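The first chain written gets the first letter, and so on, giving A, B, C and D; residue counts start at 1 in each chain.
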Amino acid sequence: MIVVMRSGATREQIDAILARLGEHGLTGKITYGEERNIIGVVGAAIPPTLREEIELFPGVQEAVRITRPYKLTAREFHPHDTVVHVRGIPVGQSPCVVIAGPCAVESEEQIVRTAQAVRDAGGTMLRGGAFKPRSSPYTFRGLGEEGLKLLALAREMTGLPIVTEVMTPTDVALVARYADVLQIGARNMQNYQLLEEVGRSGVPVLLKRGLSATFEEWLLSAEYIVAQGNEQVILCERGIRTFETATRNTMDLNIIALAKRRTHLPVLADPSHGTGKWYLVPPLALASLAAGADGVIIEVHPDPDRATSDGAQSLNPANFAALMPRLSAVAQAIGRSLAVPTTIEA
Amino acid sequence: MIVVMRSGATREQIDAILARLGEHGLTGKITYGEERNIIGVVGAAIPPTLREEIELFPGVQEAVRITRPYKLTAREFHPHDTVVHVRGIPVGQSPCVVIAGPCAVESEEQIVRTAQAVRDAGGTMLRGGAFKPRSSPYTFRGLGEEGLKLLALAREMTGLPIVTEVMTPTDVALVARYADVLQIGARNMQNYQLLEEVGRSGVPVLLKRGLSATFEEWLLSAEYIVAQGNEQVILCERGIRTFETATRNTMDLNIIALAKRRTHLPVLADPSHGTGKWYLVPPLALASLAAGADGVIIEVHPDPDRATSDGAQSLNPANFAALMPRLSAVAQAIGRSLAVPTTIEA
Amino acid sequence: MIVVMRSGATREQIDAILARLGEHGLTGKITYGEERNIIGVVGAAIPPTLREEIELFPGVQEAVRITRPYKLTAREFHPHDTVVHVRGIPVGQSPCVVIAGPCAVESEEQIVRTAQAVRDAGGTMLRGGAFKPRSSPYTFRGLGEEGLKLLALAREMTGLPIVTEVMTPTDVALVARYADVLQIGARNMQNYQLLEEVGRSGVPVLLKRGLSATFEEWLLSAEYIVAQGNEQVILCERGIRTFETATRNTMDLNIIALAKRRTHLPVLADPSHGTGKWYLVPPLALASLAAGADGVIIEVHPDPDRATSDGAQSLNPANFAALMPRLSAVAQAIGRSLAVPTTIEA
Amino acid sequence: MIVVMRSGATREQIDAILARLGEHGLTGKITYGEERNIIGVVGAAIPPTLREEIELFPGVQEAVRITRPYKLTAREFHPHDTVVHVRGIPVGQSPCVVIAGPCAVESEEQIVRTAQAVRDAGGTMLRGGAFKPRSSPYTFRGLGEEGLKLLALAREMTGLPIVTEVMTPTDVALVARYADVLQIGARNMQNYQLLEEVGRSGVPVLLKRGLSATFEEWLLSAEYIVAQGNEQVILCERGIRTFETATRNTMDLNIIALAKRRTHLPVLADPSHGTGKWYLVPPLALASLAAGADGVIIEVHPDPDRATSDGAQSLNPANFAALMPRLSAVAQAIGRSLAVPTTIEA
């Protein structure tokens, strides 16, 4: 950390800071400048709140943190890519994964039809919500455990691993009995008890970025999970909230490219939530792969205009099938490929 | 709801929409325009997802919702101000309340000293966190139940009611045994299981606005609580996330004035989180009352530069005491007053 | 336009609105709903400020505009793609263009070396600023006309057409004497006198999106140019301002895909300003083409660490040359190609 | 400036940076830390682009600027409040000013009636636009010089000084012949030629904050004006663009309180544009004074529902008259007063 003093700061003010640093077992090294002096803080363990603490001292203009607050998720300390294994499918290696399915599980017929369509088109995993977070208390919130059972049935019939959301710590054990990947939704990115509980579960986790989460906050949330011993974390960018209202959210592909540099965890993109309009999903899915995403997660519904939620951003099976070879072409253009679905474990 | 057709939309496309409306028990009334036609949707219960559903029909340019999605919290359906009663202190009437205390409960001495300082300066309630949500897993997260006991002790000694945060549904019963007001933090504004659990508790709730929550989403979260039968909900604006980095957040006083028109619930302001800088807290606290807030919640710490969290935005007792008569003067200038602390129930 | 009345609105209130509509030569058609009534406004020419005007009438909840305010730039009224021709190079057809060069023209050696590097790598046009908008009055603001002459020299030597910025209406004639494309920078997107002046010039215009401009505002600014009779307008997305500070701006690729649907004008992407970091430029350039952009504009500098501006986001010639075949591969993957540079006109 | 090296940075990498600093006449002082080393840059004149330049060197994690880029406008170098004098009315002293009038000058009757109403209610200056920036080319853009003449007539009849916008450098001389204060609108905050031209005019300037301008960018724009020798600059916060759509903009009162600390220039608030809704103007005007603004600028129109622009956010004369004593009461509550209008200069 660097402490920048105001131009007229006194020797006494500097000494007070050096003394406080000493209380923390730290040393301050002073650089005398023409306009102002600075103190470089040296020591093994700088407390996370030291910056705020020092900024309250008289004579201080600002204190600047110079190290990143996330450690276990940082590529700096873990240079090799983490690969998350989901029923034999690697996420984070050269082949890109395509996870697809409806926003919510609605019925056996709906989820099985969708799963088969996803499978037939070459999708790698099945997504579908049994527990749904909804802004309004008056909308459909999912089938609960019944939905999980239908997902398991669809997996049995198609071999596709299941990605599904868990919303509250006490449901983790239940959802983990059915799911291959536990999804943490954008609204829960900073639900720390939930993060720690999925961390303890040991099951692969798909961590969506919060609607207004900075890159750093997103990695710190991943850090919560990894700190519990679960390194099987997949990041997922799904659009952020900006001033623009012409689309539901603004997909931040910058952050996908940045994440591939700064962290070793795999990164997916969700163009369905990222755009909110089904006709923007194909171009943004292609763009996500080109930007370096390790795969995409796409909403597919057999009959989008009768979906209980997110119909406006869902592809129908025909549009999804048409997208798959285009995704494959872009993946190859950047030297990757699409992951091949596993065979059914019968 | 209004369905706006594209300019070249056909009669068949309109008929398809009328048929679908009929399936929902609704009627469509057509207005023929010079450039395009519109369909007005008439009926008692318009499904929340109808807009998305209809927008997928061919020939539709857009569907526009014309009713607000929140009901129980809307002033339109409940014209009189709701007053929340906290140990005999009314929140939402003419006198404004001042809630003050440290970000986190750290020790008996710290919380008792702060409570006495708050009380002596004329504060109405004591705030303090026993369970703290923190972005990083490596920072202090509160004393837990021990912190709740210390809050109760401070209440016993000063008579000040207690406002404290609850972070997860399974903790609601525990926190409610000690707290007079259950605080839902900004990160949990859309933690729906938690909202329903505090709704069932019947205890007054302070609902902070999420960092990037729209006004409508905030009221819908309040709606979750009220829908469980708990009308004792106090809204609290605490700054939103914008592009501006010169302050920690951007306080949105527009929304306080708007909330007083659109909802009957009381509305407080939190200038400590709203600004992130202790020297901006007094002017923004004064501004909040002038904008119509029913009170303020302010971080006060006996020794801000040794606080375990949020020291940079905490007032020390002297600054807090100096602020109180200024708050009183502004309250009187707009025809209100400051609430008087209750006497100790001995 | 639709006028939504409050639930208790009276017949007199509706009549007052109908009368005002009559003053404007418009008709109002009423749809009676169960909860509230609405008025559909019918007529040829709805004044742009009618919405605000009507919302002030008693009994009105809100007035909702249902037509888009841009006309000449809308695909609805002009279904075929506009192709802008720059010295024989078409922009907006299947081949994608690559415009490259330094942020600012600094010297003859610098611009000629860069132009040759761009040309050798297969770039289609040369960019470079002679007039530079800078946040601080204390930074380099360009060589002025001397810079334009150097650009013309570089064009003579390489055959690459020139794209350069014009900042104020009185400079348009001067810059147009040298430039093949007049660039309007993000800060000037709503400098209406400037837009009209470049509209009158008849020279092709590259219109960058403002830092916080909505899609609609961007198209309205293009409308200003086209309304002067100049249809040779190229849109350019260059990143928007959001809460995220890990990158300089947030590239909004959603809007590129949306623009290709809603307008007939060509759309480029500027990943240099969009990311602010040279190492993010290649993945975002690839992503832009995959999202449907008609080309990219990229900052290239022979010696980025000695650039007078934007060094941090400039590629050096080697990195640019390495990117070109990757851009070509992605263009082909989506069924397009890269435009071939023209031969030198000698 | 501080240069933070990566953990494994080599001695050669540090030496390369020291050498480059030497080329600029600067010195680097190294602090060796446990995890990484830092270089403090010492010297009189650090080039504005040094940060970007140094960040491109191998081994550098980041370079952090520690001085603020604005100088002439900084309170640090100019501790006493600047007072701007407008026809004998001081702006920036204890009495707060109230500037009021229509968005646009529409007719003699309209501007004279409004000026008289403003004067009668105790307003200090008259605002009104003769040149109007409008998002759409199809809306009313002001009466031009005819509007300026009507403003001068209204001034003659009421004694109120005139505040009016100038949009392009070549109009500055014309507008300055009539105006007492030249307003720079939000869209032109970074129109640097215009800033320099009003700087050279010597006339007082009201500089509105751009829709998405940071505090620092706003002060740098003021710096452009002051650097031309014109210190008569009044800052004006008028709402920023955020994700919230329930109000037109989000007023940022944090920044008003911050500006009073960081700069010596007077700061006003514009709650009309800041909220976009006439019924939110009174509470936000009161809040602005409470936050420390040196005055407010308010849209008043004799017949808001027939205004050519901004009718929805204009007060009618009765509402404005009712607001004035409330503003006075809040001003007094914080130890200030409202400025008294000057007598007519006859």
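The rule is short, and it goes like this: a contact is a pair of C-beta atoms (placed from the backbone, for glycine too) under 8 Å apart; a residue touches a chain by one contact, two chains touch by 3 or more.
Computed from a predicted model, the values in this text were never measured in an experiment.
Novice: Check every other chain and keep only those touching both subunit B and subunit C; list them.
Specialist: Looking at subunit C and subunit B together, the chains touching each of them are A, D.
Novice: Counting shared numbers against all numbers at the contact of subunit A and subunit B, is it over half, same, or under half, different?
Specialist: Both copies, subunit A as well as subunit B, present the same residues to each other, with over half of the numbers appearing on both sides.
Novice: Can you work out the whole-Å distance between the CA centroids of subunit A and subunit B?
Specialist: Inter-chain centre distance comes to 27 Å.
Novice: Taking the mean of the CA coordinates per chain, how far is subunit A from subunit C in Å?
Specialist: That pair's centroid distance is 31 Å.
Novice: What is the distance in Å between the mean C-alpha positions of subunit A and subunit D?
Specialist: Those two chain centres are 39 Å apart.
Novice: Check each residue of subunit C and list the ones that touch at least two other chains.
Specialist: Answer for subunit C, listing residues that touch two or more other chains: 212, 241-243, 245.
Novice: With touch defined as at the start, can you tell me which subunit D residues reach subunit C in the complex?
Specialist: Per the stated touch rule, the residues are 48-49, 52-53, 55-57, 69-70, 133-141, 167-170, 187-188, 190-194, 211-212, 217, 220-221, 223-224, 227, 241, 278, 304-312.
Novice: Would you mind writing out the residues of subunit D in touch with subunit B in their complex?
Specialist: So the residues of subunit D touching subunit B come out as 212, 214-216, 240, 242-247, 249-258, 260-261, 274-275, 277, 279-280, 283-284, 286-292, 326, 329-330, 332-334.
Novice: Spell out the part of subunit D that touches subunit A in their complex, as residue ranges.
Specialist: Contacts found on subunit D: 2, 4, 6-7, 29, 31-36, 38, 40-44, 61-62, 64, 66-67, 76, 212, 241-243, 245.
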